[in-house]
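I've put the structures underneath this note.
Both of the next two complexes hold chain A, though its partner changes from chain B to chain C.
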Partner chain A sequence: MTWVLLFQLDDLTYGIKVESVQEIVEKPEQYPLPGAKGCLRSVINFHGEVLAVINLPKLCRCKASHLDPRLIVLTDEFHSLAVQVNSVGSVVEIDIDRVASPGPGSGPPVLGTCQHDDEGDIHLFDMGSVIRQLEKLDLGVDGG
Partner chain B sequence: MEMSRYRNLFLAETREHLHTMNQLVDGLEREPERDETINALFREAHSIKGMAAAMQFTQTAAVAHHLEHYLGEIRSCSRVPPDVRGRLLDGIDLLEGLLDDIVSGRPERNVEKFLQKTATCSGQSGQDMAIVTNVDCTAQNSASQEPADSILSSASAGDHSEEFQVIIDLVNAPKSANPGLKILQRLEEMGEILSSEAVVDSIRQGGEPRQVKLWLRSGIAPDKLKSKLLTIEGIGRVGFAQDRRKKPGDDQIATVRVSTDRLDNLLSIVGELLTNHYLLQTAAESENWTEIPAQLILMDRLVENLRHEVIQARMVPFQTITGRLPKAIRDISRKSGKNVTLNLIGEDLGVDRVVLEQLGDSLLHLVRNAVDHGIVSQGTLTIEARREKEQILIEVSDDGRGMSPEQIKKTAIAQGLLAANQAGKLSDREALMLICQPGFSTAQGVTETSGRGVGMDVVKSSVERLGGTLAVSSALDRGTRVQMSVPLSTAIVKVLLVACARQRLAIPITRVVRTFALPSAMINRREEPHVFVHEGRTVPLYSLAELLSLARTENTKKALIVLAEVQGGLVGLQVDSLIGQREVFVKPLHFPLDKLPGLSGVTVEGAGIIFVLEPQSLVENRLMLADKAGWKPESSTF
Partner chain C sequence: MRVEISHKFIIGFLAVIVSGVLVNLGVPYLQIPVEFQQLFSICCSLVVGLIIGVLFSRLFTSNIRHLTDAGMRLSRGDLSKDIILSHNAFPDETSDITDAMNEVQQSLRTLVGDIREIALRVAESSQNLSVNSKDMSISSLEVADTVDQIGKGALTQAEMVEQCNRLFKEMAKAIHQVAGSAQKVAESARQTSETAEQGGEIANANLSSLRQVLTEAEASGQQLVTFINQLKQINKIVEVINGIAQKTNLLALNATIEAARAGEYGRGFTVVAEEIRKLADSTTSAAEEIRRVIEGISEESHRVQGTLGHVIDEMERGREGVDHTSQAFIAITRNAESTQTKANDIAELTEQQIASAQRIADSIDEIDKVVSDNAAATQKVSSTTMEQSAAMEEMADSAQQLSTLSEALLSAVKQFKLAEPPES
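Coming up: the complex of A and B.
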């Protein structure tokens, strides 16, 4: 069994392993990032570290544009990022052995999908894929 | 004992010993000093052996013991074997490779074949000696099956294999397909699987993971790896992540030694600051306002002293990164059959350790370029470091064939990096800088040591990330000189604070020539970019807000201009207001912020965040975008 933090992108529920979640920050002050475009527009001061804020709905080309004022700070061995989502949910336990492979689709990257008694379908979010997407993105100044 | 606490100290000290050994090996060729050199090498190997054994790095200890014994044999039989230098250098290479393994968290590589291969002057094999020692060499042998040849080659300057994470998504494959095992087999054919024993074991025991994540070291390009993997039934997707782990060498200067005198000075300044704080507090409480200005002046002086002492404490000698160069040059010279004399100047100069960490690879690349493409059959390579005001200048020059600006232009046109009509407008200096364009190469072919890997564009980016500049000068048949100018310290930087579109921004003061208000009528807006004349020179003018995609500044009667130096030329940056000079503590930008052009760092001030700009890459980014859009500024400075 694995604990995951739920969040919403469009009308779908996604989960990310709690080990990857460093903190959920309540309405932090966001500072505009000069020269950025697309899904990366601002930064936050997270305990003295300046972290990029990634607009996940925009990066994943979601339709819903409203954003939860809370940010999820995700961290792995190499990266720390603050992500914006449509809505931050609760933490639930899922049976990782019952996660089915993801079907083909062009939506947000997922590792698989599982059925939860209360939450319905939970799509396990693939943060690694997002990082790889960011590594390939041209985030530079677009010349105004 | 908790050994991990001492790991960084062990790495730093062992690298120092290896640095000394590298230097001593050169002295073996000087007859009168030979005995003392062998004694000194013996002591260094002995020290490494002791430390490695205490840290339980068994393979490292075994190699160090082997070298110690080998040197002991030479000392006792008073006969120097003909290939002593080569053998010692192979051993030093191997020890450096072992340290890289330790830094990367990998199991130490297997050294058995090295021990067997290298016999002493008495004919005793290294393997025999390894048995004599109490060091247990067998424990790690099963963890790594790397053959000795690849051990030696991976430690050489010509190794170009890379480490990356392979992420493989498995789809529902028939059990008989067993994709996990096939993936392992295929990856093992194409490279070396690193430190993912749990995943590997799980697959080997019949596990059926939905995703396989492995670290792989391979010389094969990721797209080729991907196409080979995708032929396995059951694989849905293959992705790669760049290696953002600690790299070998990251820990090389992670520690600095600070003299107790310096620490005493720091303590003394802190003591004075405490007194100063107490006097200010007392003056404020008793409303003794006349006392405050004098105390503030004193505080200013103390803070400046503190800054100076802290910067000095971060300094490490330039030789920290030049120490490996003699050996690298020997290797490259040997491969290319050239006779190269190395001339090192300013090795004792103190340089900020962060600057050295950033410039290590760049310096090695410049050296390889100079030997490979500059020097013809024999010549001198000079590396000089010197201080000029708040900057450190590092020059790499050779007396080789030099470069022709005209030939560079032709190559750039042929490689699609420059339009023919643009080439005619470039000065010689501007043409030489074309070698720093991504993808540019004058090499007729890729050699083992240069012509691939990091290019001049990467060298230039490394220098600019530090807030420095790179300049190239060359004359045909007289040689080439590459000059890197970097700030004295990257942590505490003097900046000019400006405001643009209600955002505060910092420009390193080393880039600012002057500031002034320019009547709008003096700006020629018919050109793109706009230009103005300053002391008889036509200078391009950019709106800083526009460069940064911020709201554009309204035209006023007078424009506030920051005249900045960019690649030896001048550009004007129009800002909304000038706030003033300040010393700030600059933090590096982390992914993905480090991908943004024009930003070199960030400083946190109170509740706010101020980005430190890098004017050169900002302007270059603008020119690149202009190129893409199909127009080239008529009056570019470079």
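Coming up: the complex of A and C.
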């Protein structure tokens, strides 16, 4: 069993393992980056650490433009960043063994899909793929 | 030296005799034969007598011719020259005749001059008289026309006076009716005044009730404003609760994440955090529900407040209307009282007018009689003026004839020549 944090992109429910989630912050002050373009526009001060704010719907070319005021701070052993989603959900427990392989598609990168009794289909979000995708993008600023 | 004609003849006769005597005395000394001396004497006497006769006759006839010529001039009217005798060394009766004729001539000059001057004045006066008579005749005609018009006017005046009399009688009847109407108006005004007083009392009572209702409505409006302010405060509190619930939700979410990251050790805490999060969600939902309810109540309160303000405005206008109505009733009462007083005054005045109209009608009757008399008198004056005009025309004709006569007299007098024109 694995705990995942649910969030919405367009009308689909995605989940990300809580091990990758450091914290959810509400309405932090965002500092625009001069000359930035695309999905990276600003940074935040997260407990003294400067984190880039990624507009995940824009990165994944979602249609919905509404953004939740809360930001999800993601981290792994090498990276930390804050992402904006259409809506932040709750934390649920899923059976990782019941996750099916994802089908072919051009949507956001996912590791697989599972069925939840209350939340319906949950797509496990592939954070590593997103970071790799970000590293390939020319964001108009010197990456670090 | 004056020598009368008879004396002159005697002197002449004596001269002839003296000459004959002297010749007889001187002939003997002339050596003339004796037989011829007598003849010579006679001849000489004859010659002397002839000479003296011729001289005397010339002297007489010369003065008489002068007198004859003067008489002829006088008969022609020539009074310009005095009569002067050519031989007047020894004045005689011809000189007396000459003086008498000169005096006559002088008297004629004066008389003719006076006649000429008087004729001129008479001619001028007769001309003026003729002109004045014509003017007076014209004026008399105009006066006659005017008097005729006055007569016609007097007739018209008489008709108008009669009509006026009739109208005055009708007016007297109308004044009677006005008096009756004025009394009715006074009665109506009295009733109007009483009704207006009752209306004013009712309006004042309504005004008092309306003021009380208005005061209560204003108090209700104030209470509603207080209620709306309290709703705003509740809404703020609900917003604070909502914010707390959202933060609680976030904290519960983060706690759930932390508990999940703790693995099996945080499982129980995860459940608690999830319950807290759900509780926060419920709180948020309840706060949102409260906010919606408060918003609905606030909107309804605002509508009630607006309606109440509208009602208060309407009641204020109604109060003003009732106030105006009360004022209008007071004004109506005053006007009705004033109308009653005036109607009574009108009734009294109409009574006086009736008496005055009766007096005027009597006076108009008198005027009618006087006007009729005037019309008759004017007709008489008109006929008299016509006769006067005819007399004036006759006078003008007589003056014209007098002028003609004076001109004829002047032309007759002009035959007399009074003096030679002065030599230039």
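Rule of thumb we're sticking to: the second predicted complex is superposed on the first by the 140 of 144 C-alpha atoms of A that agree within 3 Å, B and C clash if a C-alpha of one lies under 4 Å from a C-alpha of the other, contacts with A are read in each partner's own complex, and residues count from 1 in each chain.
Following the convention adopted for this analysis, a contact is a pair of C-beta atoms (placed from the backbone, for glycine too) under 8 Å apart; a residue touches a chain by one contact, two chains touch by 3 or more.
This is a predicted model, so every value here is computed, not measured.
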| item | value |
| --- | --- |
| Superposed partners chain B and chain C on chain A - clash or fit | fit |
| Partner chain in contact with A:D118 - chain B first, chain C second, else both or neither | neither |
| Touched partner set for A:K37, first chain B, second chain C, both or neither | first |
| Comparison of chain B and chain C by chain A residues contacted | B |
| Partner chain in contact with A:V91 - chain B first, chain C second, else both or neither | second |
| Partner chain in contact with A:A52 - chain B first, chain C second, else both or neither | first |
| Three-chain overlay, vertex chain A: chain B-chain C angle, C-alpha, nearest 10 degrees | 110 |
| Touched partner set for A:R70, first chain B, second chain C, both or neither | second |
| Partner chain in contact with A:E23 - chain B first, chain C second, else both or neither | second |
| Which of chain B and chain C A:W3 touches, first, second, both or neither | second |
| Chain C versus chain B - closest C-alpha approach in the superposed model, Å | 19 |
| Shared contact residues on chain A - chain B and chain C | none |
| Residue numbers on chain C that touch chain A, as the complex places them | 246-247, 250, 253-254, 256-257, 260-261, 270, 274, 277 |
| Chain B contact footprint on chain A (complex, rising order) | 29, 31-37, 40, 43, 45, 48-52, 54, 77-81, 99, 101, 111-112, 128-129, 131-132, 134-135, 137, 139-144 |
| Sites on chain A touched by chain C in the complex | 3, 5, 18-19, 21, 23-24, 26, 70, 88, 90-91, 93 |
| List of chain B residues in touch with chain A within their complex | 167, 169-172, 210-211, 213, 236, 239-242, 244-245, 500, 503, 505, 546-550, 552, 587, 589-593, 595-599, 602, 604, 607-609, 611, 613, 618, 621-622, 625-626, 629 |
